[in-house]
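Here come two complexes built around subunit A, the first alongside subunit B, the second alongside subunit C.
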Partner chain A sequence: MEIQNLFVSDFLIDFGHKEPAITVFKRRRRPIQPITHRDWRKPEIIEFASLFTARMSCNSSVTRVHVSSVGQTPRVPVHLMPCEIEHNGPAQVSQYLTATMKDRKYEKTVSFRGRGLKGQELSCPQGYTGLVLKEINKTGSDQEDRTVKVSSVFDKVTYWNLETAPNSDDTIVMAMDWPELAEAIHGPVDD
Partner chain B sequence: MRRAGDQCWGRWFTEYVSVRFPKKEELKALKVADSKTLTEAEREKLFQNLDEAKSYVGWAVNILSPNVISTCMLQRTKYNLNTLSHDTAIGLVQYALDNGVQLKEVFVDTVGPADKYEAKLSQLFPGIEVTVRPKADSLFPIVSAASICAKVARDRVVKGWNFAEDLGNVDADYGSGYPNDPKTKAWLLKYLDPVFGYPQFVRFSWSTAQTLMDSKAVTVHWDDEEEDGEKAAQRKNNRSMLSYFSASAGGNDQTPTHQTHRFFTERRLKSLDTL
Partner chain C sequence: MAAKKTRTPNVQNDSWVVIAAESVIDTQKQDSDPAFVRLRNPSTDAASLYMLGSGDVQLYEVKAFEEDFHSWFVGQTVQRDGRLLFVTPMDPLYLILPYLIKSGKEGKFQPVDQVVTDEEFPACSRLLSCTRSLASMHHIAEEKEVGSLKFHRYSQEKTMDWLKKKVERTVIALKKRNISVGEGVKSTTYVKVKSESDSNEEDYLRYAHGLISEYISEDLSKALLTHLHLPELTSPKETEPRSKKRKLSDNPVEAGEDYTKFNSADFARKPPKKMTAAQKSLAKVDKTGMKPLSSFFSPKVKAEKK
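Coming up: the complex of A and B.
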């Protein structure tokens, strides 16, 4: 089953770093409604409106996102690193990172490649679930259609700063302002 | 006062020995010598003697783990090994004073220029006669004794190292920790993780570890690293300044009519038209 309706009211976080997979936040608990009145040529933010398959197109190619299995997908700890790691694949996160993390009163500390990191855990905005997407059968060509699936989901993300204590000016903390603002701008108007 | 070794898991300890009573002759009788000229067994033996001479020798070590050293040395605002060593030594002298030791003289093996270091310590601790010399451990028995305490303490910690990482049974046959030791070399190759590099046991700032990671582990880019501007821009898929001078400036990938609001760029929020 393929539903082609997407609507513009949500957001994708570009972490600014190469991620092992693409991470998006999916809205839930809201009636799914096909939206037709928005300008599709310049979508600011896209929500995957369907619980089955979302689809977006760019030029001639189509990217399909399978979100049907979110319910059974394992919940995983997710770390947002303050560096770019030239690696795309599994890593021994629990053995090296989780095992050496220290919980202080207002922050967590850990070291990565000999550098000191400070961070904290951040919950996804209420009503949202974080998705980790993985591309199936990567083609390499941007002309062909692509398919991505949800490989894991998360409610919390641990983000790390290089040496600086986590604070409200951190990009990801500020990014979480958007859902509320989006709701105010795009949400239904009560009479 | 003496710090121990330049091994990859070395340079952990700055330490002091205080003589409670001025019995320098007795200290000589303990036959302490520069710890580098001693075997591990000899060091252990001498350490026993020192420990038994409690009535007139007291000692303390300050442990700096390789991880502390790495994170200090690789810090955004550079904190070099000499300053770190000085600060640790100062901390130890203060520790002795805080514990009621009536310090009259302090002998220190130098790190960096001896006269500057001596002046620094003298200024910090007025009333204490400070002597800083290169190779102080072969000049003053008290510094030799300190050197033995440091090395023995380090050897013991290294031997019984408790890995914070969840790596199962780690091969404890890691040799001396000096880069020319074949056992150390083999261990460093065996325990290199492509993403994380090494356990915290290894000092990341150590050039041998850096070289191995550069060739065998994946590259990691940090925001504060100095990097060739053009390359960095390419990697981040940005346009470098130079591209504005080329003929194709303002190519089709840019949409001139639609400029993203600061609200989104500050939050690294991007419109999604492709994954």
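Coming up: the complex of A and C.
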């Protein structure tokens, strides 16, 4: 099945339960309908208590964000892939993804692990900036304060769908509406 | 064929992709770094993650956007955790309000720094440093000045008016972004047949009320509903007639397309799900708008597939 573009084959890549469906059924392409209304499903955006999923930090601990070096931080391309890749760390992304990417008028296409992906570039909402935060000086204790630094910055995100052409119903497109809704919820009210 | 799904838990994650308000990294005033802090969530009463900007002048909310089976490529690295975090400015009054309500039961005017304290969440006193906190206290409390000292007492009446204005602002934003708020739209990923008239004013009010309710207690949420002259939705049947108008897709949701819908916000990664017959029928129920809105908005909802 992995005919071409074997990504670094050490990593397990999981496209989710969609995986068998592609080989077993011939999928019918549906026309993309013009969308006038958007269904912004709120639970996409969820509350969470801690950055650190592995260890619960205690309520009084603080995670400082070093922002002073942001000016010198490299700007990097950022891709949201429609699969879970069991790996954290370096990989030949440009060799296996960006090198074979085709840029069409309304969508980008790429073959990744034998799958046809369709993608689109999104800009960060107005007044917002993309940051990749990375923990530094990892300490063992849960009580201690932690520090994260800005390891990369970005102002555009390329997201990829499996098979479906990018459209305004894609959840990440809708998530980009959140800052504007948040402004309505949190902005100052008139007296 | 697909590798055996023996996925290891993602424990070594120490990196996050964030979209943050530019003011977070504003390096003009560098007296201190911004910091993630844990504070009491006014809706759930449990810990949630927030951010205090440099010098504590601005509070930010931290929310995660998550879809199953997603990972990031950041430059030439892989990040398994496919979540996208949003750091957006937040009104500190939402977090101050529960403390004021609690002390308001005594009916006395009190200095706020004595009211906003929490042994479990010591960072809460820093909320009072936010520029907007003291300046907007009159929206939720009566104020009394004695000499140079200010005292406050919670006012339900003022709070309701303030929350109503919040709802009205939110309705405007929802309309501006063309966000569908009716109930019938939730599971129709492909079929968009709604027309302008389908989302009426009440739909918008209820949706906005639901959004605001994530920042207030359940009691307050109910009181706000009354204040907005919206009847409580007790039986799902009440919502049925309106949603029947909507044209629905006759096709069952196909398993192959299920992934396009955001269907799990759980932190715990779940094994891949197939759409069972039961789920299919549930999806149909969804389309007919049978689910009470209140369940959609319950604070602890984990965006579980319904």
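Couple of notes before you dig in:
Just so we're on the same page, the second predicted complex is superposed on the first by the 119 of 191 C-alpha atoms of A that agree within 3 Å, B and C clash if a C-alpha of one lies under 4 Å from a C-alpha of the other, contacts with A are read in each partner's own complex, and residues count from 1 in each chain.
Just so it is clear, contacts are C-beta pairs under 8 Å (C-beta built on N, C-alpha and C of every residue); 3 or more make two chains touch, one makes a residue touch a chain.
This structure is a prediction, so every number in the text was calculated from the model and none was measured.
Of the two partner chains placed by superposition, only subunit C is touched by A:Pro179; subunit B is not. Once the two complexes are laid over each other on the shared chain, residue contacts for A:Ser111 go to subunit B alone; subunit C is not touched. Using the contact criterion defined above for the overlaid structures, shared-chain residue A:Leu162 touches subunit B and also reaches subunit C. Touch criterion met: A:Thr171 reaches subunit B and subunit C at once.
Contact with both subunit B and subunit C is seen for A:Glu84 once the two complexes are overlaid on the shared chain. In the superposition on chain A, no contact is made by A:Gln120 with either subunit B or subunit C. Here subunit B and subunit C are compared by how many residues of subunit A each touches, and C touches more. Using the contact criterion defined above for the overlaid structures, shared-chain residue A:Ala99 touches subunit B, although it does not reach subunit C. Where the contact sets of subunit A with subunit B and with subunit C meet, they give residues 11-16, 22, 42-46, 63, 65, 82-87, 91-92, 94, 97, 133, 135, 148, 162, 171, 175, 177-178.
Of all the residues in subunit A, the ones that touch subunit B in their complex are 11-16, 22, 24, 42-46, 56, 58, 63, 65, 82-87, 91-92, 94-100, 111-116, 133, 135, 142, 146, 148, 162-163, 171, 174-175, 177-178.
Interface of subunit C with subunit A (complex): residues 1-3, 5, 7-8, 10-22, 24-25, 27, 30, 33-38, 41, 44, 46-49, 51, 54, 61-82, 84, 86, 88-91, 94, 120-123, 132, 136, 138-139, 162, 165-166, 169-170, 172-174, 176-180, 185-186, 188-192, 194, 196, 199, 210-212, 214-215, 255-262, 265, 267, 269, 272-274, 296-297, 301-303.
Against subunit A, the residues of subunit B that register as touching in their complex are 67, 70-71, 73-76, 164-167, 193-197, 199-200, 203-205, 213, 218-224, 235, 255, 258, 264, 266-275. Contact residues of subunit A toward subunit C in the complex are 1, 11-22, 25, 27, 30, 33-51, 53-54, 57, 59-68, 70-71, 74, 76-94, 97, 124-125, 127-135, 138, 148, 150-152, 157, 161-162, 164, 169-172, 175, 177-191.
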